[in-house]
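Letters A, B and C mark the chains in the order given here, with residues in each chain numbered from 1 onward.
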Amino acid sequence: MGSWVWGFVTDFFTYETTKSVVVKSWSVGIINRIVQLLIITYFVCWVFIHEKAYQSTDTGIESSVMTKVKGFGYHHNHVMDVADYVSPPQGAGVFCIMTKLIITENQFQGKCAETGKRFSCNTDEDCHKHLGSILSNGVITGTCLNSSDGSKGMCEIEGWCPAENDGVVVMPMLDVNNFTIFIKNSIRFPLFNVTRGNFPSTMNSSEIKSCKYNPDTNPFCPIFRVGDVLNYTGQDVENLAAKGGEIGINIEWKCNLDLSIDYCVPKYSFTRLDEPFSRNAVSKGYNFRFAKYFKTENGTDFRTLHKAYAIRFDVMVTGNAGRFDTVPTLINLVAAFTSIGLGAVLCDLILLNFLKGAEQYKAKKFEEVSDAQIEASLAQSPGSLVSLKGGIKSSCDSGAMSLAASDQQL
Amino acid sequence: MGSWVWGFVTDFFTYETTKSVVVKSWSVGIINRIVQLLIITYFVCWVFIHEKAYQSTDTGIESSVMTKVKGFGYHHNHVMDVADYVSPPQGAGVFCIMTKLIITENQFQGKCAETGKRFSCNTDEDCHKHLGSILSNGVITGTCLNSSDGSKGMCEIEGWCPAENDGVVVMPMLDVNNFTIFIKNSIRFPLFNVTRGNFPSTMNSSEIKSCKYNPDTNPFCPIFRVGDVLNYTGQDVENLAAKGGEIGINIEWKCNLDLSIDYCVPKYSFTRLDEPFSRNAVSKGYNFRFAKYFKTENGTDFRTLHKAYAIRFDVMVTGNAGRFDTVPTLINLVAAFTSIGLGAVLCDLILLNFLKGAEQYKAKKFEEVSDAQIEASLAQSPGSLVSLKGGIKSSCDSGAMSLAASDQQL
Amino acid sequence: MGSWVWGFVTDFFTYETTKSVVVKSWSVGIINRIVQLLIITYFVCWVFIHEKAYQSTDTGIESSVMTKVKGFGYHHNHVMDVADYVSPPQGAGVFCIMTKLIITENQFQGKCAETGKRFSCNTDEDCHKHLGSILSNGVITGTCLNSSDGSKGMCEIEGWCPAENDGVVVMPMLDVNNFTIFIKNSIRFPLFNVTRGNFPSTMNSSEIKSCKYNPDTNPFCPIFRVGDVLNYTGQDVENLAAKGGEIGINIEWKCNLDLSIDYCVPKYSFTRLDEPFSRNAVSKGYNFRFAKYFKTENGTDFRTLHKAYAIRFDVMVTGNAGRFDTVPTLINLVAAFTSIGLGAVLCDLILLNFLKGAEQYKAKKFEEVSDAQIEASLAQSPGSLVSLKGGIKSSCDSGAMSLAASDQQL
């Protein structure tokens, strides 16, 4: 029993290594080394240095954005300030600067004439086809209101009266060009618990108040002139202010946390978000309607309807951070080493097929054993097994052994 | 010296290949090929074709959503239009359509009676237990206001008076069923710099204005009828309009950028977002309170409080894009090739243990060398080293050599 | 022809296995096994158990947040309720509780004196330098309005008059401490189609209404006392209420879907989001301006400007879910097995360089074949090829064979 255990232990603490054929041939040798060099170069330069395969990456960036607009504009002979033209007012990451307002004052609930040309009529029948329309300014009643001067009449609506006429020409507030947007963005990479703000803590109060963002000279200033932002997106302020539009302010954080945290800085870019729709003839620009509600002395509600053409700014924060991690490093290292072995496939092909003396190489590389041989050897000399057995492990443990052996082949 | 360098060079440009035993046995041969076939099939069909392991994936989709609701509804004998029932009005990705309003008009700051049954009282003591309550309509003063007709009194509150009575029955605005929602969604995959809009650029203005989304007949129309959306989520409009609820409109972009960009299209799905809470008895539906503020002639503030039951729509954009990339392809190819080698483990197990002539196979596969043998050979003929040395590299460089050799084993 | 096909088939169904050298040496054997053990331990404990490398992960969490604030506060001798101090009112994931309001009543469009010290002047020239300023309360006209009592005058502005004086001292509404925030959060992992809510479905109505979140005793209660939340972030309510600030309520979902879904629960954490800016002297706190609009009897617009200092709450939902998946499991298993083979590199180094009898081991492991030998054998006996050829495949198919053979080496 004791000797059996001892035998097992001595069998276990062995080391298997593959038997190799060393081919001293210049042609195959050089090809072999070149292929290995190419594979190593690829892995070192592309996979590890460029793609940073040794890092684990946190893409789940957490972000908080605060914005503040400043500036004054003239519109409808009023001076508009932030409280007038920014909506919603809370200074979130998505906000609109209203640049053109079509104002319909003193609307009361009641019945009145539609305004759009489409709703002109001679008889009630002309209006019946619009029943249930959602493109009117109120519920179409089906009645045609004839005008007093004998010209074409208009379909009657029920709702807020008088109806809005959004065909009027209103000059947009071009002063928007000089407005400034202050953006405060703090981010966190939860995986690495790293927190960053979008302007350096070394910037002092007066610097921040006086600077203007410029991608070249002042890339970390958090104050953006609206005119500049529109320029960067290649947009025309007149057009945008008149029709509205959506501008994306993208803050990109690409942080290599293996370097100093000071290199983890934001990069701003600006795009027109409704670009993909520029080829469509419909739904250009951006506008929305809202109302301010009032009460008469006797308690009747009335409202002022605003159709607001606005430039909407979406501050979008994206980014990822990478830091050295053992798991991806190991997996990629193993892949690299294994890939080097792939070079052998090419060399084997050349060696065993295209080289002078290929058959001799084959004879050296491959040792053949066939069923027939084994059977012959079994039949001929059953006793010879003993002589063979010297170097062979006992049957029961060779499973584990050969598994381990095979591992080394992988 | 020169010859030493030359020796090193000739040693370096060699090629090592493992010495193999070719077993010409039908049983093991067939098992070997079948195992290899299974592994290859798995990798080709599942890993590469189904899981697209040859692509790198961008999951950091950037998205911008613009929405516009249209339609008219009757509520409290008023015609409600977009400016009345949509909140917030800016047309963002999250918006509410208010379907039922409990309106408490002309609230002034002061003291008055609570409304809820819970706050009924006979004496001041009955009200003391509510002191500090946050579930009342104002700050509980602790006084019990007795009713004039001798019935139970009500606790007094300080705040906006009269107190809201949200127990009144108000018919919800069921016209919401026929409202339409227009969704403009533009996305970008920053990794690949691909931008897409949610309706094709070939759609013209009249097509877009006249179409209605239908998953089968019109899957790319960006106009959604509210009634249809509620249907898709299996919700009942009466119930939702009365109690409010949250509906998710999910826009999913799954883009295979190896194909034409035209196949990169949105897929809409609709869910009730408060579903996970359907089994809880509490907090069903969705409502919020807001106020409109007015001033009397003499400057006193008063307000109209609205408790709004609303259907909140969350337009959620998710997606990812994949494009062929060398790094994942290589890693997975290497994994595939390596896995094929795993088949050898099984074959070795069979060959060396269960096959007739296993011992002979072992003798062929394994060559044994033991400490004893080496020692014997060292003791016996120290000069024989020379004869061995012919085919062996010098000690100094064999480290590098064997490293390279081992690489081929991986 | 038939025999040629038969030959091909018999050649195809063979099995190649590497020829191994078994080294029965205690030193190398023990090192070999220890290295293998270390590698296996690393993979099992770290890669598989800790890093869960056998799971595929869904990081694209979809989330919907509903919030509701309750509580009453005194400010400017008014009782403020939810409709007064929460903005925006819809109960979204980002909302502000206004804690201090600087109210400027009855502003009409016109011209009047600025308020800030900075804009004091003696002559018009003093005001010219402010022309175009965006830090004033209106458009600077360039005129200096002299005060009647002979003291310094103020620059004139055009805009809403009277100008806001935000230097006045207003007591913040400290009652905010006792407000409560109810958070309803439902999430979905689209990859696994798993939906969860942030409080268990076993919680009944009264439990939810009466509980208060506490990380230790009540970690799943969805009602948060504002004072507690500020405490968790280490913030001082007096300071925050006076200057405003941004608080992040992070809901983290880390779900191991291989376990019961009941373990997939939220984890709340609280941070002050403007922390990264705490070292900057500028832009502390959080405030925004909004206006309420009124009309006089004769239809003139006027407004009440509010400068609101607010605590902004951002409910941020992050998380990921993992579930067993074959692809990552396989890739990591293969990496593990392959890494075990890496142990052989070390052992080879020791065996072939540092062990007694290294040269003998080399002679056993490496078989050498050189160009010279091959040429000699070719020249000497071209007929001997026949004898060699017995165990060798014909040239045409050996490419495929050796490819397969090489696969086993990888």
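We adopt the following convention: a contact is a pair of C-beta atoms (placed from the backbone, for glycine too) under 8 Å apart; a residue touches a chain by one contact, two chains touch by 3 or more.
Since the structure is predicted, the reported quantities are computational estimates derived from the model, not experimental observations.
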**Request:** Pick same or different for copies subunit A and subunit C, depending on whether their interface residues overlap by over half.
**Result:** different
**Message:** How big is the rotation, 0 to 180°, that puts the C-alpha atoms of subunit A on those of subunit B, in steps of 5?
**Reply:** 120
**Message:** Using mean CA coordinates as chain centres, what's the gap between subunit A and subunit C in Å?
**Reply:** 13
**Asked** Mind pulling the subunit C residues that touch 2 or more other chains?
**Response** 16, 18-26, 59, 88, 294, 297, 331, 334-335, 337-338, 341-342, 344, 348, 364, 366-368, 391, 405, 407-410
**Request:** In the complex, go through subunit B and note every residue touching subunit A.
**Result:** 10, 12-26, 59-60, 62, 64, 66, 68, 70-72, 74, 78-79, 81-84, 88-92, 105-106, 178-180, 182, 184, 186, 188, 190, 195-197, 199, 201, 203-205, 208-209, 292, 294, 297, 304, 326-327, 330-331, 334-335, 337-338, 341-342, 344-345, 348-349, 352-353, 356-364, 366-368, 391, 404-405, 407-410
**Asked** For subunit C, which residues are in contact with subunit A within the complex?
**Response** 16, 18-26, 28-33, 36, 46-47, 51, 53, 59, 87-88, 94, 96, 109, 132, 134-135, 137-139, 158-160, 246, 248, 250, 252, 271, 273-277, 279-283, 286, 288-291, 293-295, 297, 299, 303, 305-306, 310, 312, 314, 316, 318, 320, 331-332, 334-335, 337-344, 347-348, 351, 364-375, 377-378, 385, 388-393, 395, 398-399, 402-403, 405-410
